[in-house]
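Heads up, the next two complexes both have chain A, just with different partners, chain B and then chain C.
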Partner chain A sequence: MKEYRYVGKPEIRIDGKEKVSGAAIYTDDINFGPDLLYAFIVESPHAHAMINSIDTSEAEKYPEVLAVVTGKDFPYKFGLYMQDRFIFAQDRVRFIGEQVAAVVARNPKAAKAAAKLVKVDYTEIPAVIDQMEAVKEGSDLLHEDLENYNHVPWFFPKPKTNIAHWRKIRKGETQKGFDEADYILEDTYDVPRYAHCAIEYHAATGLCDKSGRLTIWASSQSPHTQRHLFAEALKPLGFTHKDVRVIAPHVGGGFGSKAGVTMEILAAAIATKVKGHPVRIMWSREQEFYNTYQRLGVKTFLKIGVKKNGKITALDHKIYWDAGAYVEYGANVVNAVGLSAIGPYNIENASIDSICVYTNLPPGGAYRGFGYSEFLFGLESHMTRIANHLGIDPIEIRRVNAIREGDKTAYGANMNPNGLLKAIDAVEKEIEWHKEFKSSDPNKVIGKGFSLLWKAPAMPPNASSSCFLKFNEDASINLLVSGMDIGQGYLTVMAQIAGEILGVPPSKIRTENPDTDRNPYEWQTVASHITWGSGNAVKKAALNARDQIFDLVVRTKHLPKDTLYLEDEKVKCTQNPNFELPLKDFVVDGIQMKDGTFKGGPILGKGTFLPEFSTAKSNPETGQGGHPNVHYTTGAAALILEIDKHTGKMKVLKAVEAIDAGKAINPDLVKGQIVGGLVQGLATVLYEDMRYDDKGRLLNPNFTDYKLPTAKDIPDKIVPIIIEVPQPDGPFGARGVGEHTMLPAAPMVANAVADGMKVRIKSMPVTAEKVVMAYLDKDK
Partner chain B sequence: MPISHEFEYHKAKSIDEAVKLLSENPENSKIIAGGTDLTVHIKEDVIAPDVLIDIKAIPEFKEISFSNNVLSIGANVTFSEIEDNKIIENNFRVLWEAASTVASVGVRNRATLTGNICSAVPSLDSAPALFLYDAEVYVKNSDNERVISINDWFTGPKRTSLKKDEIVTKITLKFPKEKTASCYKKLGRYKGEDLAQVGMGVLVSENKEYKVAVCAVGPVPKRATKTEEFLKGKEINDANIKEAQEILATEISPITDIRASKEYRTHIAKVMLEKGLKESSDLLSGKEVKSEPIL
Partner chain C sequence: MKKISINLNGETRYVHVEPNDVLLDVLRDKLGIKSPKSGCERGDCGACAVLLNGKSVRSCLVLAVEVDGQEITTIEGLSKDGLTPLQESFIEHNAFQCGFCAPGVTISATELLNKNPHPSREEIKEAIAGNLCRCTGYESIIEAIEKVAKK
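And then the complex of A and B:
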C-alpha cells in the first residue's frame, strides 16, 4: 500500500489546543449583551390531549416579560423526512413534555415564573403507549390525516392506522428456504428506548434583526439542514434561504441528538416575534431526556432456518418500532433497518418487515447506530444460539455465512469490498477465543461473547458535500467545509486529506465549524458518512487547487504538467531536481514575469461530491431494484466477561473490536472511536434504559436513575483493531466507522452471559438483576 | 434551571442566632448546610421556603471529637471530612465505609451526615452505621435541647422526629466496649455514584454478639433485631448463615421500584448478610480481607 505523508498518520487534532486551553467557544458561551432575552417553554402534562384554549394574559402582564407565543403564532409544519409536526402544538398534544407555548423575558427567572401563569385547558383523549397495541386494528389514532402529510418518496405510510412507514424486503423464496432448513429458531427480542446524554445540552439562540435577517447559533450536527428546515417552515413569514443563517460553534457531544431539527426551531421561530433581540433557549437535563430525539424502542420477531453445517437457508425478521408521537426523523431509522436487518450475511431467502408505529411517547430519531444496535441484539444473539444448538463454534457459523464482495445485499445490489473475514480472524486471535478461561474467585464465572457488526450510511441518495479551499499569503490554508467536529476529529481528518494532496502539513491548515453564510453546503454530520462524503469533496477541492497551481507553473515556467508534484509546501519537478518553487511565493500574489507583470492570482479550490450511483427507487412490495445504501462498513468484536453468580454483577475483563475502516486517515482517532463507541454500547446493554409509566411519563429523566457508566465501570482492557480493505470510491479508500463501534456490544454481552451463566437474556438492558434472577430461576 | 421564587437568606454566626431565626418562622424556613438535596428541590419547585438559614458559618458545627469512647460529629461535617478522618477510619469502620459510598466526590465535599439523616430517604447510606454505634442526635430550639436515640429518629420515608423549630447540633456515636469488627455493603446499579438499593452494616463482637442494620429495604432504616437475636452466641457457619438469611427476609420489607425489584433486593440482602458476617468475622480474627463496600 502506498505510503502517505499525512494520511494514515496519527496527526494531532487541529482543534485540540483550542479545546484543552478552554479557548473553544460553545453555543452557550457566546455573550450576546444586555438585549438578550430568555425563553421558557410551557409543556404538555398529558401524553394525549386536545387543547381547548390557552390563556396567556396573566403571563403577559408579568414584569420583564416581552412576549408569550403559542401554536397560533406559528401554524407551520416541519420535518426532515416527513412533515408531521408543528413548531408548537396546535390543537392537540401527543406526548408529555411537548411544547405548547413559550414565555420570553429579560431574565430566566421571570420567564420561568411567568410560564407558570400560562393557563392551558386540555381535554385528555386515550393515549397509546405500546407499539404492539398501537399497531392493532381499531387502535386510537395519533394522526388521523396521515395520508395528507408530505414525506420522502421512499416512505409508505398506511392511512387510518398508526403505521407511518412500512419497509418491506422480499428476497428469494423465504418459505422454500425454511422448508429446506434442518433447524429453525424463532424468538422475540425487546429493546427499550435510550437517551444520548451528550454532556453539552441542546442550546440555541435566535436573532431576527429589524431588516428581517434571521441568524441562529446552535449546538448542531446539521447547520445546513437546519437552515433549510427553518427557511421552509418560516416561508409564510417571508423568509427565503438567503435570509436565514446558522452558525455552529463547537459541540459538546451529539451522538445523533443534534441532527435534524428539534428545539432549535423554537429559537428561530420565537426570534421573529421579538425582532432586534437575541433569544436564548437552553434545555435542562430533564428536557434533554424527554424533548429531543430518543433512540426508538423495538420489539423484534426473528426466525432463521439453517442447514446442519450452519448455512442459513432463510430469514424472517419482523421489527416493530415504538417511534413516538412524531416520526419526521425516526421513520428513516425504520427504513434503514428494513434495508439491512438481514445482517452481514449472504442469505438467499429473506423477508423483512420494518414497521414504524406512532405512539404517545416523545419522538424517536437518530442515535449513534441508527437502529442497527437494536436489530443486531436479536440477530447476533440468534446466531450464537443456533451455533450452540448445532454444536458449531459461534465464530465458525458467522464465517460460513459472512457476506463477501459481490454477494447480493437484501435489496439486491452488490456488496462492496470489505474486510469482514479479516476482522473475524483478527478478533478470534486477539481474544484467544479457543482458550479456556476460569475465574480465580469461586463465586464468579467467565463467559465469552462474540458478535459481528455492519452498517451503511442512511441518507437520501442525493446527500451532498462541498468544500472551498483558499490559500493565504504564507501558503497556509483555510479549508471551508460544513461538516461538524462533534468530537470524532472530522476537522483534523479533512486537513490531513487536503494536506496530503497539496504537500502542506495539517498544522498549517485551519478548518473550523461552519457558518452557513460563508461555508459551502453539507447535508448533515450523521450516518458516519462525513469522512467519506465530505472527504471526497475536500479531496476534489485540493485536486482542483493543485490543478490551478500546476497550470500556472506550466504557463510561467514552461515545465510539462505531468512532471510536477507538490511536497514540503513547494512545487517540484520529477525531471529537474533543482526546480523548487515555494507555494508561499505565488499562491496569492501570482508569479512575476520578466516584463514585471504578474500571472495567476489567489488559488481557490472547490470540490463537490454527490453519490451519483445511489437511488432509493425500488419496488415497495419487495424493496428490490434500488441502490439506497452507498456501502457497508463491517467488523467483528468479542469480550471476556466475569460474572458474579450471587449478585449478577458483571465486569468486562477484555474487549476486542476490529473494524474495516477502508483506510484509517488518522488511526489514533479511529482507535478513539472504537474505544469510545464500545464503552457507549456497553453502557446501553449493562446499565441504561428509559422507563415510562403507563401514562407515558418518563420515570428517569436524570442521572440518578438513568445510569451512564463512570470511569469505575469501564472494561479493564479494550483492544481496537483497524482493518483496511479500501473503499474504491472513498478518499484514499476510507469509509466511516463512527457509529459502528457501539453496535456489537449488546449481543456479545448477552452471548457471554449465556456462555458463563447458561441463561439467555432476550431483553435489553442485560442488568445484574436480570442475570442473577434468571440464574436463580433456572435452578428452581 | 433558574429558581423562580423569592426567599430570604440568612447566614447564622452562632447556634443561638440560628435557632432564633428558625423560631421566627418555623413553618416556612429551611436550614441549609451542604444544600445538595435542598437546592435541587427548590430549583424543581418541590418546595418553596420563605426563609433559608445557612449554618455553614457556625464554628461548633464543623467539629469532630472523640473522647470517653464517644465520637461527636457536628451538624456541618461533610462526608468528605468523615472520609478523611483517621479516628473514624480506625474506630468506626462502617461509618467510614458508608461515607465513601455516598454519591460522588463533588457531592461528598458538600453533603453532610446531619443533612443525610434529616432528608431521611429510606436509602440513606449513613443510617446502618448510626444504628450499629448506638447514635444519638442532639437537637435544639430556642428554649431547650433534647437528645433523640437513632432508634426513634426515623418515623417514615423522608420523615423524622425533628420538630419544625429544632435544628440538629451534633450526632454522637459510641465506641463498642468489646473488640469488634464490621463492614458496610451497598448494592448500586454500578460502581459509580448511586443510591443504595440495599445497604447493610454488620458488626461482629468477640463475645459472639452480632449487630445488623439495613437501609433501602423498608420505609425506614432499622436494626434487623430478629436476625441479631438468632445469631447471638452462635458460630458463623453455613447452616447458621442460611437460617439467619431466612429470618432476615422476614423482617425486611423492600419494594419494587425503578431501581430494583423487591425479589432482587431480598436476594441481595441475604447475600450481603453472608458476606458481611464472614468478612467481619475474618477481620475480627485478624485475617486479611480484601473487601469492597459496593457490590
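And then the complex of A and C:
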C-alpha cells in the first residue's frame, strides 16, 4: 500500500488547542451586546388539540416585552423531505411541547414571565400515542390533508391514513424462499425512542437588520440546508437565498439532532418581527428532550427462513415506526431502513415494508445510526437465535450469509468492495470467541454476544459538497468548506487530505467553521458522508491548486509538467534533484521573470463533488431499479458481559469493534469514533429510554431520570479495530464510520444476555430489571 | 442588586447581581467568562464546573451572591501563563471531540491532580464521574489524565 505523508497518520486535531484552552466559541458564547433580545416559547400542554384562540394582550403589556408572535404571523410551512409542519402551530397542536407562540423581551426573565400570560384556548381531540393504533384503519388522523403536502418523489404517503411514507422492497420470490427453508424463525422486537443528549443545547440567534439582511448564528450540522429552508419558508416575506446568511460556530455535539431544521427557524422568523435587534433563543435541557428530533420508536415483525447449513432462503421484515407528529426529516429514516433492513447479508428473496406512522409524540428525526440501530436489534438477535437453534456457531452463520462485493443489495444494485469478512475474523480473534469464560464469582455468569453492522449514507442522490482552497503568503492554507466539525474531527481530516496532495503539513492549514456567505456549498454534515463527500471536494480543490502551481512552473521555469511534484512545501522535479521552489516564494506573489515582470498570482483551488451515479428512481412497489445508496460501510463487534444472576446487573468486561473505514485518514480519530460511538450505543441498551405516559407526556426530560453513562459506566476494555478495504470513489479510499460505531451495541448485549442467562430480551433497553425478571420467570 | 467582588482568575472583579442570579450566568453574561457552559441547569452534567477557593463546584447551583469575596478559577485562569501539562496532554491524546465538556472536565481533573498528583485509573474515573461527555466514551480523556498522573 502506498505510504502517505499525512493521510493515515494520527495527526493532532487542528481544533484541539482551541477546545482545551476555552478559546472555542460555541453559538451561545458569542457576544451580541446590550441590544440582544431574548425569546421564550409558549408550548402546547396537549398532545392533540384544536387552538380556538390565542390572547396575547396581557403578555404584550408586561414590562420590557417588545413583541409576541403566534402562528398567525407566520402561516408558512417548512420541512426537509416533506413539508408537513409550520413554524408555529396554526389551528392545531399535535404534540406536547409544540411551539404555539413566542414572547420577545429585553431579558430572559421577563420573556419567561410574560410567556405565562399568553392565554391559549384549546379543545382537546383524541391523541394517538402508539403507532400500532395509529396505523389501524379508522384511527384518528393527525394530518387530514396529507395528500396535499409537498414531498420528495421517493416518498409514498397514503392519504386519509396516518401513514406518511411506505417503503417497499420486493426482491426475488419471498414465499418460494420460505417454502424452501428447513427452519423459519418469526418474532417481534420493540425499540423505544431515544434522545441525542448533546451536552450543548440547541441555540440560535437571529438578526434581521434594517436593510433586510437576515443572519442566523446557529449550533448546526446543516448551515446551507438551514439557509435554504429559511429562505424557502420565509419567501412570502420577500427573502431570497442571498438575503439569508447562516453562521455556524463550534457545535457542542450533534448526533443528528442539529441536522435539518428544528428550533433554528424560530430565530429566523422571530427576528423578522423585531428588525434591527438580535434575538436569541436557546433550548433548556427539558426542551432538548421534548422539542427537538428524537430517535424514532419502532416495532418490527421479522421472519427469516434458513437451510440447515444456516444459509438464508428468505427474509420478511415489517417495520412500523412511531415517527411523531411531523415527519419532514424522520420519514427519510424510514426510507433508509426500508432500503437496508435486509442487513449485511446476501439474501435472494426478501420483502421489506418500512412504514412511517404519524403519532402525537414529538417529531422523530435523524439520530446517529439513522434507523439502522433500531432494525439491527431485531435482525442480529434473530441471527444468533437461528444459529443456536441449528447448532451453528453464531459467527459462522454470519460468515455463511455475509454480503460480498458484487452481491445484490435489497434494491438490486451491486454491493461495493468491503471488508466485512475481515472484520468478522478480526473480532472473532480479538474477543477470543472460542474460549470458555467463567466468572470466579458464583453469583455471576459470563455471556458473549456478537453482531454485524452495516449502514449507507441516507441522502438525496444529488447531495453535493464543495471547497475553496486559498494559499497565503507563507504558503499556509485556508480551506473553505461547509461541513461541520461536530466532534468527529472533520476539520482535521480535510486538512490532512489537502496537505497530502499539496505537500503542506496539516498544522499549516486553517479550516474554519462555515459562514454561508463566504464558504461554498455543502448539503449537510449527516449520513457519515462528509469524509467521503466533502473529502472528495477538498481533494479536487487541492488537485486543482496543484495544477495551477505546476502550470505556472512550466510556464516560467520550462520544466516538463509530468516531472513536477510537491513535497515539504516546495515544488520539486524528478529529472532535476537540484530544483527546489518553495511554495511561499510564489503562491501569492507570482514568479518574477528576467525582465522584472511577474507571472501567476494567488493560487485558488476549487473542487466540487456530486455522486453522479446515484438515483432514487425505482419501482415504488418493489424498490428495484435505482441506486439510492452510494455505498455501505460494514463491520462486526462482540463483547463479553458479566451478569449478576440475582440482580441482573451487567458489566461489559471487554468490547471489540472492527469497522471497514476504507482508508482511515486519521486512525486516531477513527478509533475515537469507535470508542465513543460504542459507548453511546451501549447507553441505549443498558441505561437510557424515553418514558411517556398515556397522554403523550415525556416523564424523564432530564439527566437525573434519563441516565447517560459516566466515566464509571464504561466497559473495562474497548478494542477498536480498523479494517481498510478501499472505497474506489472515496478520497484515498475512505468511507464514513461515524454513525456505524454504535449500531451493534444493542443486539450484542441481548445476545450476550441470552448466552449467559439463557433468556432472550426482545425489547430495548435491556435493563438489569428486565434481565433478572426474565431469569426468574424462565422456569415457570 | 448587590455589588459583589470576586477574585476571578487572579483579578478582582466587581459586579452587580440580583439575589437570584446564579454564578454561571453572572460569569458568562456579566463578566465575559465563557468557558463554563450550561448543559442541564441542575448539577447533572458538570459542564459549568469552576474552582471555588480551589474546590470544584457546579456554577449553575451556586448563587452569585454566595461567592462575594471568594476566589473563582476557570480554565481561562488555568492557562494564563500557557497551557498546563494536563491541557497539553488533552491535545496530544485528541482527548475531546466536540469539546463542549472540556472546560468542566479540565476543572475536575485539575482539582484531582492538585490534591493527588498520581491518581489511579479508578480515582480518575471517580473524579470525572460528574462530568458528562456524550462524544468520547471517556477513554481518551482518562488516558490523557493518566499520562499526566504518571509523570
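Note that in this section the second predicted complex is superposed on the first by the 780 of 780 C-alpha atoms of A that agree within 3 Å, B and C clash if a C-alpha of one lies under 4 Å from a C-alpha of the other, contacts with A are read in each partner's own complex, and residues count from 1 in each chain.
We adopt the following convention: a residue touches a chain if its C-beta (ideal position, glycine included) is under 8 Å from a C-beta of that chain, and two chains touch if they have at least 3 such contacts.
Quick caveat: nothing in here was measured; it's all calculated off a predicted structure.
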Query: Here chain A is shared; do chain B and chain C fit on it together or clash?
result: fit
Query: Looking at the overlay, what does A:K112 touch: chain B (first), chain C (second), both, or neither?
result: first
Message: Let me test your reading of the model: by the given contact rule, A:S354 touches which partner, first (chain B), second (chain C), both or neither?
response: neither
Partner chain(s) touched by A:Y26 [first = chain B, second = chain C, both, neither]: second
Task: Answer with first, second, both or neither: which of chain B and chain C does A:N162 touch in the superposed model?
output: neither
- prompt: Thinking of the overlay built on chain A, is A:M773 touched by chain B (first), by chain C (second), by both, or by neither?
  reply: first
- prompt: To the nearest 10 degrees, what angle do the lines from the C-alpha centre of chain A to those of chain B and chain C enclose?
  reply: 40
- prompt: Looking at the overlay, what does A:N700 touch: chain B (first), chain C (second), both, or neither?
  reply: first
Statement: The answer to whether chain B or chain C touches more of chain A is C
Query: If you stack the two complexes on chain A, which partner ends up touching A:R691: first (chain B), second (chain C), both, or neither?
result: first
Message: For A:N536, using the defined touch cut-off, is the partner it touches chain B, chain C, both, or neither? Pick first, second, both or neither.
response: neither
Message: With both complexes superposed on chain A, which partner does A:S476 reach: first (chain B), second (chain C), both or neither?
response: neither
Task: Considering only C-alpha atoms, give the closest distance between chain B and chain C in the superposition, rounded to the nearest Å.
output: 6
Statement: Intersected contact list for chain A, partners chain B and chain C 284, 704, 708, 710, 712
Message: Under the definition above, what is the set of chain A residues touching chain B in their complex?
response: 107-113, 116, 284, 644, 646-647, 649, 686-687, 691, 699-700, 704-705, 707-710, 712-713, 767-769, 772-773, 776
Message: For a test of understanding, state which residues of chain B touch chain A in their complex under the given definition.
response: 1-5, 187, 189-195, 258-261, 263-264, 267-268, 271, 295
- line: Listed in rising order, chain A residues that touch chain C in their complex are 10, 12-13, 15-22, 24-26, 28-29, 31, 196-201, 250-255, 284-285, 486-489, 668-669, 672, 675-680, 702-704, 708, 710-712, 714, 718
Message: Going by the contact rule set out above, which residues of chain C touch chain A in the complex?
response: 28, 32, 34-35, 37-42, 44-45, 47, 74-76, 79, 83, 87, 90-92, 94-103, 106, 124-126, 128-142
